[in-house]
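Provided herewith is a single structure, encoded as structure tokens, for subsequent inquiry.
Per-chain numbering from 1; labels A, B, C and D assigned in written order.
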Amino acid sequence: MAYSAEKLSEEKVFKDPVHRYIHVRDRVIWDLIGTKEFQRLRRIKQLGTTYLTFHGAEHSRFNHSLGVYEIVRRISDDVFLGRPEWDEEDRILTLCAALLHDLGHGPFSHSFEKVFDLDHEHYTRAIILGDTEVHQVLTRVSADFPQKVADVIAKTSKNKLVVSLISSQIDADRMDYLQRDAYFTGVSYGHFDMERILRVMRPREDQVVIKQSGMHAVEDYIMSRYQMYWQVYFHPVTRSAEVILTKILHRAKDLHEQKYRFKYDPIHFYSLFNGEITLEDYIKLDEAIILYYFQMWQEEEDPILKDLCCRFMDRNLYKYVEFDPAKEYKKLTELSALFKKAGIDPEYYLVVDSSSDLPYDFYRPGEEEERLPIHLLLKNGDIRELSRESEIVDAISGKRRTDHKLYYPADFIADDSKKPNIKKQIRTLLEID
Amino acid sequence: MAYSAEKLSEEKVFKDPVHRYIHVRDRVIWDLIGTKEFQRLRRIKQLGTTYLTFHGAEHSRFNHSLGVYEIVRRISDDVFLGRPEWDEEDRILTLCAALLHDLGHGPFSHSFEKVFDLDHEHYTRAIILGDTEVHQVLTRVSADFPQKVADVIAKTSKNKLVVSLISSQIDADRMDYLQRDAYFTGVSYGHFDMERILRVMRPREDQVVIKQSGMHAVEDYIMSRYQMYWQVYFHPVTRSAEVILTKILHRAKDLHEQKYRFKYDPIHFYSLFNGEITLEDYIKLDEAIILYYFQMWQEEEDPILKDLCCRFMDRNLYKYVEFDPAKEYKKLTELSALFKKAGIDPEYYLVVDSSSDLPYDFYRPGEEEERLPIHLLLKNGDIRELSRESEIVDAISGKRRTDHKLYYPADFIADDSKKPNIKKQIRTLLEID
Amino acid sequence: MAYSAEKLSEEKVFKDPVHRYIHVRDRVIWDLIGTKEFQRLRRIKQLGTTYLTFHGAEHSRFNHSLGVYEIVRRISDDVFLGRPEWDEEDRILTLCAALLHDLGHGPFSHSFEKVFDLDHEHYTRAIILGDTEVHQVLTRVSADFPQKVADVIAKTSKNKLVVSLISSQIDADRMDYLQRDAYFTGVSYGHFDMERILRVMRPREDQVVIKQSGMHAVEDYIMSRYQMYWQVYFHPVTRSAEVILTKILHRAKDLHEQKYRFKYDPIHFYSLFNGEITLEDYIKLDEAIILYYFQMWQEEEDPILKDLCCRFMDRNLYKYVEFDPAKEYKKLTELSALFKKAGIDPEYYLVVDSSSDLPYDFYRPGEEEERLPIHLLLKNGDIRELSRESEIVDAISGKRRTDHKLYYPADFIADDSKKPNIKKQIRTLLEID
Amino acid sequence: MAYSAEKLSEEKVFKDPVHRYIHVRDRVIWDLIGTKEFQRLRRIKQLGTTYLTFHGAEHSRFNHSLGVYEIVRRISDDVFLGRPEWDEEDRILTLCAALLHDLGHGPFSHSFEKVFDLDHEHYTRAIILGDTEVHQVLTRVSADFPQKVADVIAKTSKNKLVVSLISSQIDADRMDYLQRDAYFTGVSYGHFDMERILRVMRPREDQVVIKQSGMHAVEDYIMSRYQMYWQVYFHPVTRSAEVILTKILHRAKDLHEQKYRFKYDPIHFYSLFNGEITLEDYIKLDEAIILYYFQMWQEEEDPILKDLCCRFMDRNLYKYVEFDPAKEYKKLTELSALFKKAGIDPEYYLVVDSSSDLPYDFYRPGEEEERLPIHLLLKNGDIRELSRESEIVDAISGKRRTDHKLYYPADFIADDSKKPNIKKQIRTLLEID
């Protein structure tokens, strides 16, 4: 039998708190889960530093990846099966792309990507196409199968229907993470009727569409997403942890460039610092390694690196005030000067962080960050973009919301044992006294 | 105001998936949560290697410790408050003991304690009484307060009522972990009506008792516990991971004693190997450090250490067969000999693991592992031990259940490229062909 | 002790699927629950005919009334207690008004009120002020207490804070019914974080306000409400049952006026037909009585009454098509004429039903159906109307949505045994062939 | 196409709070649901008078019947499909039997059956085989199909596998009602992992068996059932309502036999009183009719009927004390005499009620109430009765538990305006002073 059609003698089942059970019958899926590159995702948290705000959010990307796979499996096996617009040949391609879509994520990707100019999508592709166990498994399907999977994940595949199942404004990725992140954080947002949405999904040549009767469930999903973004993903405390994490990486890189002699030599960081990390090195990176160094660096001599690492490990985070970039840059300059006078390096200790999201967007061809809109299948067979049918979605469509905050170490500012007058001026400017 | 009575200006609230919210008003509790020793519990999983069986079980002891605190807070503030048998002075003592009861747990404690002869209860005491941030906070209550808290956790306190809230057969510890572990694993066991149990708890001089009207809720709790033990905590796959973990530690220790030259020098393990670990070193231990070494040791030259670490990191676990210690020791000796012949060291690769539990036990004074039984408060004011009132509990009371399994690396045994005949004999003896 | 301050010797607890437990300690509340007028609410469904669409929606107004009470009790005892803006004297008033706010609802109120020109709010007041067990209990608090309770429910009370807890755009009534109706129907809408909303409610002199930090929970609540309206309350199948129910009542009334001789004399309806129902008679009305007559009338000679009752009892409902009142009145006239030709009385068998809702409204003083808007309490102490802070709410604020449907008996229209040509024309006009 | 194989052009879906959705694709099932006899189940509560104890328990037998159907559909379509031991021909038979298994239940069956010597199973059969809409639908499958369905429900069918799915110690009926009754009452018992149990069910020639790997889920199910019986079904307050209901029926029957002139003539009861009720009359009975009469009888002249009806309608129930039939019959005789002296008829006002259940029973061939035990399918293919494998089940197997209570009207006994000394004696004997 062709490897892609091979079934396990007995179905394997994972107990999953979100989908109850995750079912695996395909040999190729089972083999992919067993690869070292996929198992590595167990050591990378799905939500990075969010666990410092919501203590339940300790779940890994392994968790989420299985969830996305299960959603796509259900769409394929329970909803699309037998429909003329669905090519059964695409099934295994879709399942593999779903399972592997986050494979290239490193530890605390958000900060790492920013500081070291990395791109997890690049590494997902690299792992699929490179000299890896995942690649070996995929190659057993066919020589060009790894490339096909990589193309779907990169959204460059010609198979737009499959792409839309993995990456669109209502894809399996989002449907899993909203529910999963809500479950583990314990927030009451993130609930929507996924079962209903799955049941009304229909395959079309170039995308998945939603039967009009499911429109309200989709509205609810969009609202859930909106709430999760502002309540969880952009939570100001999480962003504080992220700010500190970024500054640790910055500082370590700066010190390395300044030929600083580390007590604990960051051998795993060298190639990152130098911008020449290999795939093999990249795969070794996980949160244990990062946290190992952060723990060690608490004993470094450099006071900034030491302080930042202590803050991160002991969750002694920065406080924040609202910041209006349109009006307050002058104030920021003043604060920066005062920080310097007070002996607190503003580069590390005075940070503006901005978060921004579009709750939903209709189609804007050619614009940056083009997003695949959601399409409804009307009763008469026509297809219409969601915001033209839903008043609620229309009301929020295309409206970007941005939030700016200014982060600083409240304990330093409050400590009047040194330079009390300058500290006083800082507190007055920050309006925190 | 006395530090123990100090309240936060605004209540702090943690979102918790199990109890919905965890409420903190007491300054001392807030300060304890902020200590580095308590924050360290974020880096130690509540269920050790269970996440390799139930992928959702990635939650930390930080999570659980807050939960136990919250249960005790609710008992104290919502149920016991104002009852004559409850001394409001004991409130803060109880809250602190609940929050800190697991403070001394190290990474993967079960295996570490076995291999290095450690005792997490010893370290809980040591952290509370030693030179730590936790100790500093507790001392602010009173000079003898750390000792009082340590005594409650050690069950040596004269205050038996408070002890029974933290450690008995129906304590806040168990009520939290059953629900929490069920939530994160996603299993459907572990549910019982805690709210009802809390409402019918009553303080008595030497213990907490349960009003008879809550007996059925308690029965349900005991059944939940029974199911969680056999379905989750003693799951044979988790025990396989535990076996491998234990063997990694053994091997590293043996190599160290044999003066083996590690590529990655296990500096954090030295004092463990030598049995002279300091409190300061102990506190540094967390899962990140352990996993860091396991990752590095995948590249060691010693084939056994390397293989075991690869197995653990990539979740390539041992398989198992049932094992009857009463009858099969001869078979084990034969297998051991065959393993040696096949070049597979039985000390590391052929392991019997036994799990054993009592679902509930009545009072057996003087016996080993004496357990505090559950007492019901009858309508007429009498107090009776649970199994005398509940037929269901009586039916299972004192009945120990034990399970033995024999673990081995199925891939080694299946590999017929070397010594196929011996492998064949092994498979025949294991009855796996 | 004053009756209003009297506590039960032991708290009474109702198991409630929505709030888990409903707690009663006040003697007056316990006594009110025991009155015959309150127990009558057990025989009136919360959602009228919705159970014919969502089979789980069989819960009663008794259910809901306890829920509203419990929410108000928690606001009062857990959130407002001890705040200077909250007068503890208002506690019992609020609890009683919450418990009794729906007391005057009759069976299938929506249709009954329309056909017989009744007003349940009038009857709530009448029961509270009239010669009833409820009145006797309330009078034990003080002679003017019944009037006070009635004024709160009627929104004429000067105590605007208490009124706003019972009747505003974010009152205990709505918070209970959204969750309760979602629970019993089983839909996945209707979830919002009530616990969070309760925790951030603050009393002000003339209304309850919400701390800004709870704004997202309120947004979620408004979206839940929107979805519940369109997914559940205005479900077209429920409206079909409602149309038939209304027509049964119409027909019975018409027949009575035509001196028709009923086989089963509708003695309980006489005073309704004549518009002179007494309080005593009104209180006797419950769903059992109505369904008794509908069952009996299935055997009446009048073919329309008989048919309509059979339809209702056996759930043989009308079908519907979309209807655009702006454009299609001519079509309706044509259809009406054709129905007559076909021997199907359009008065009973061709019905336009319109549903309309505002998801949220800001303050429009003086306009009809003036609604109390939701106010946020900003960090600086200012109070702002919700839609000025929330972009999502602003986007939908004041936007009325209306839906029109045309209902007809599909079986009659499909039956070509008589007048096939006319039926054909009807089907063509309805575009259902 | 054969009617039994006919599919709806589009699947019909019912939103269900317990199973989320109930799916109907078979024409015959859809047609059965639409019959007047099946719709009648909407007017009969699943748990009779339990709503007077647990206010959420207002759900109907319609609700439950759909649930049992859905469970059987999932077993058939998701688990058994394609297995050699499963005859696809049995599918429709099983679905119909599941849907219709409770069809003959009347209002408040427990009391009605006791007083009027009825048997709902007899009426289920009669409706299936008689001149009904249900019969017409079933006959369209084949002439002997109604008989086949009736035989399955009566357990006289030769098809023992199908019988065991509908009626055994782990059948679809029990699995639905435990979960459904837990959901609507809101109790935390009644949860077990049905999805797991369904997945491990296997068809065998003469019964359904459970794969050994699902044993713990079955243990949990048995414990759930045990708790539901004692916490919900046998709740002493529900039994009080049941006692009063039974006494109303007794009294009405007695009065009828004594030629009492009812103000509201109980025409619907005549045939019940005379023991000659026809199928047509039986089908008309629903709770609305019963409650109609109870409402009317509150105005009867007979003081006992009037009082009992007022008690039932206003939930003014009897209180109870424990009663030991082995020792206390003498006391009962004394009490009876005292009641008579006090002018309180003991026949109606002093009632012993006994409830009794076996949590699980192994096979006792030939004994009364023979129950089909649960069988496990071992890994080696052997089949073993559950209690031989499960220690927990063995511990409780065959242990009947019985509870006796003595009910009386506390208000009458407390009323010392008449015969205070006798009342005092009564209270002393009842030990309630």
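Here is the rule we go by: a contact is a pair of C-beta atoms (placed from the backbone, for glycine too) under 8 Å apart; a residue touches a chain by one contact, two chains touch by 3 or more.
Keep in mind it's a predicted model, so treat the numbers as computed, not measured.
Relative to chain B, the chain whose mean Cα position lies farthest away is C. The geometric centre of chain A is 44 Å away from that of chain C, both derived from CA atoms. Centre to centre, using the average C-alpha position, chain A and chain D are separated by 51 Å.
Shared contact sites, meaning residues of chain A that touch two or more other chains, fall at 20, 187. With chains as nodes and touching pairs as edges, the resulting graph is complete, every pair of chains being joined. Remark: chain C residues 13, 20-21, 195, 199 touch chain B in the complex.
For chain B in complex with chain A, the residues that touch the partner chain are 14-18, 20, 34-36, 39, 42-43, 51-52, 54-56, 58-60, 62-63, 66, 183-187, 284, 286-292, 295, 310, 313-316. On the chain D side of its complex with chain B, the touching residues are 187-189, 191-193, 196, 216-217, 219-220, 223, 226-227, 230-231, 359, 391-392, 395-396, 399, 401.
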